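Given below, in the form of structure tokens, are the structures.
Okay, so chain A shows up in both of these, paired with chain B first and chain C after.
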Partner chain A sequence: MGIEHNQWRGIGLDRQVQPASSNPVIVNGEMLAMWRGENGPVRVWEDRCPHRGMRLSFGFVRGDSLRCIYHGWAYRTDGQCVEIPAHPDLTPPKTICAASYPAETRYGIVWTNLERAAPSPLPDLGPEDGWEPVRSLYVNGSAAQVEAAIEAFDFGAPSMVRLKHANAIALGIGVELELLIALQPVADNRIGLHVVARGASTPETRASLARRLQRLRTEIEMAQEKK
Partner chain B sequence: MTITLYDYTLSGSCYKVRLLLRFLGLAYERQQIDFFPGRQHKSLEFLEINPLGQLPALRDGTLMLRDAQAILCHLANTYDTSGQWLPRDERFGEVMMWVMFAGGELMNSSAARLHDALGYKLDIEAARANAHAALRVLEDHMTGREIAGRKWIVGGAPTIADIACFPYIALSGDGGIGHEDYPALRNWMRDFRRLDGFHAMPGVAEFV
Partner chain C sequence: MVATTDTVARNEWVPCGWLGQIAIGTNLDTMIFGQPIRVARIAQDDYHVVELSDAGTEGRSLPVQTRYNCIFTTLGEPTRALPEISEFDEPDRRIVGCGSVGVSTCPYRLIENFLDLAHLCFIHKDILGDPEKSEVLAYKTEHRKEADEIWAVDCSFYQPAASKASTSGQMTKYIYRVMSPFSVMLYKTVNSDPSRNDAICVFIQPIGETQCLAYMPMALVDDVSTDGDIIEFQQSIFLQDRVILENQRPALLPLDPTYELPTRADASSIAYRRWLKAMNIQFGILEKQAA
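Take a look at the complex of A and B:
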């Protein structure tokens, strides 16, 4: 509802996408596979094998190819099918190609845009250095409820909104800590939060922030239930 | 002593026991029980083995045990000389806490699967909601473990807590419970599937 098509949205934390892994992600009802080769950046594809429609997020990675779990068809990082195990001598035609979405990694967050042909530029949310991943979490609530709750939430020190973007909020907390929260609309009433911090240099600080975010999630959902 | 597992291939609870037997390298006999459609676990003969009419059951010599979690504890306690799978130190309580969680809250995922795959009559919305609530509890825990640089539910090596939790998280999709919201669980499951001695079951991918 009212969700703009051509927008960049955070869908995961770069550090949490293991090498040689494929992962299911839903953005505004669209099913995506977020995968990484044994090396290299995260790719975002339609979660559908061109062969029989199997979800590619169930697939497995060998080298820099994503293979479908169903018949083992292998797709190169540009989406091109490069091997069909049942026909080892066949060079797959160019038309057999997985559908890919734009994917960028910045601030430790993986971003994608459902506009494939002419995506707008990735928005500038400030300097890129010093961000550490905190966690991803998913909340039952609308984008408006989640944003309002983030702005009102007690992070343990006085917080101030530093920047508000269509799908991201940057906060200053106390004097040392900055949070960047990317919002992923999964459905009208379900939002993913991908949170990175600057100034949270120790694992203990990040673990404490991660627990604090569970509390934010509970607050949002308790307010929902009261309605 | 001969170990006999009263087994059903498609049961996630039986799979827990098969996993540990394999990790421990124990030879055992499988007595296949026709859970569906035969309902052999409710037969007069099987009720003498387990009066609760549930799978798995395990005979170890003269000992007859029921409940996957109890069987995991017995096997680790009896045959794991390393103590890795059921640590007897300060980790013991936390391992048992997650083992109980696997036999408790997490069984909502099993219920949803029985509904979707075998047509069991139950409140599917409640089962899915409760399963998601359970997955979220372990997701939060494993998020903290990742931040601390740890891979497993308790301590520095896999335990029966990981074995007990793995099947009904890995199989949750069969009950309409996706893994989209659980990045830490996805990473943990992938690490689990890479363990030496890991083997799959229908619904759990062999390839990692």
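Take a look at the complex of A and C:
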């Protein structure tokens, strides 16, 4: 797809990944499973059980293990298979291991990198505290279209790009509000936006922001249709 | 879609319709191995199958056989005959069709799912398995060279409700038989008469490499259930499997034994994949094997 491999991309809002859940995510056509144990941080794995290829995003969580729905094989948080129900007395060989991707949670956003062996560090996008989740949304459009639309969009007060990174934009809106938007390339013409805000102190402010973002999506998709 | 050039696949018999599915004097247009075909019912038991061009014009005629409630055809010159399944000839057997079910995956994932004991207690929980009794006991696999079939024998598994006729849990004994790359069956303990086996077949019509229609004719010893009950039971089982089958990645079957890692319970799948590799089949295979 011509997009550089070693890049951190936001793939979801930390608060929206429920404890004991597994969820499908696509980055650049790569199918991933984003899951969380009953406790602890979000993990990002290849969406494929090493046994017979079943998607692990269909799996179920028991304690801090993700189990494949097909045969119940249990994988520890480091990916190692620790139980094969068909053979309760067998210690699974070390070779049976789910493929994991780097995963970090920062600014209330879950980030991953398709470069598994030697990922660059997660870029510094400013201070970490005070961010509140607004919403995630998926838009039909190219990354360039989405970025341009964000920069031109009316957020209800004068906005200014404070920082632009390969897959994230930070905006100042008015005097108090800051937005951080992580862009997730799903496919060539589909982009996920994961939005957090700082200074949006009341739930009403965040709800109003979420509604505006819906308008942003409509604008991008209407501009697409005109072409 | 382009018709496969893989002669190994082309030389197999595959189903292309149910007996009685087509009204006399009418046609069914369908596809096998990417090749559009027309199945015409000329008279009560007389079916003709022809290739169709992309423009829809009729081309060469294909061989036809009718058996096990299905219409079979082939694009090539089969060396393997249709399997003999004697249970279908026993006079007191219930022969039930069950319709055909479309599944978006390669034919081999369907066959492997049918052969698989370990999934029964998870995917068919409380019916064909109990998660508390998940162990798969050792069984034997055989390549029966004279018929060139793969068999798995001495299989057993605890089942809470093994069939429509079940009233309680039991250790069900199974024998599996893979008759061709695209057909499989099992023999399963009959509830009321342990000396006899229900025979349940799956014949797969490969429409394309990752698109199949599965036909499930059965020869059962069951004078209690209605056809409707039996069909509903089998279809509900099949729909539970379809969710799995359509979400395995990749959809094409990998034959490299390090790409997907099996365990002892997968002995039948291991034998099946080795057999597919040895016959150098390429249609629907991830690696496409040697050209």
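Going forward, the second predicted complex is superposed on the first by the 226 of 227 C-alpha atoms of A that agree within 3 Å, B and C clash if a C-alpha of one lies under 4 Å from a C-alpha of the other, contacts with A are read in each partner's own complex, and residues count from 1 in each chain.
The working rule: a residue touches a chain if its C-beta (ideal position, glycine included) is under 8 Å from a C-beta of that chain, and two chains touch if they have at least 3 such contacts.
Worth saying up front: this structure is predicted, and the values here are computed from it rather than measured.
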item: First, second, both or neither for A:Pro85, with chain B first and chain C second; value: second
item: Which superposed partner A:Phe58 touches (first chain B, second chain C, both, neither); value: both
item: Touching partner for A:Gly37 - first (chain B), second (chain C), both, neither; value: neither
item: Partner chain in contact with A:Ile96 - chain B first, chain C second, else both or neither; value: second
item: Partner chain(s) touched by A:Arg135 [first = chain B, second = chain C, both, neither]; value: first
item: Partner chain in contact with A:Pro185 - chain B first, chain C second, else both or neither; value: neither
item: First (chain B), second (chain C), both or neither touched by A:Gly172; value: neither
item: Partner chain in contact with A:Ile69 - chain B first, chain C second, else both or neither; value: both
item: Doubly contacted residues of chain A, that is, touched by chain B and again by chain C; value: 58, 69
item: Residues of chain B touching chain A in the complex; value: 140, 143-144, 146-149, 178-181, 183-184, 186-187, 190, 205, 207-208
item: Partner chain B, residues of chain A touching it in the complex; value: 12-13, 16-18, 20-21, 23-26, 58, 60, 67, 69, 134-138, 186, 192, 203, 206-207, 210-211, 214
item: Residue ranges of chain A in contact with chain C within the complex; value: 31, 47-48, 50-55, 58, 69-72, 84-88, 90, 92, 95-96
item: Residues on chain C engaged by chain A in the complex (per definition of touch); value: 112, 116-119, 121-123, 131, 134-136, 243-244, 247-250, 254, 260-266, 269
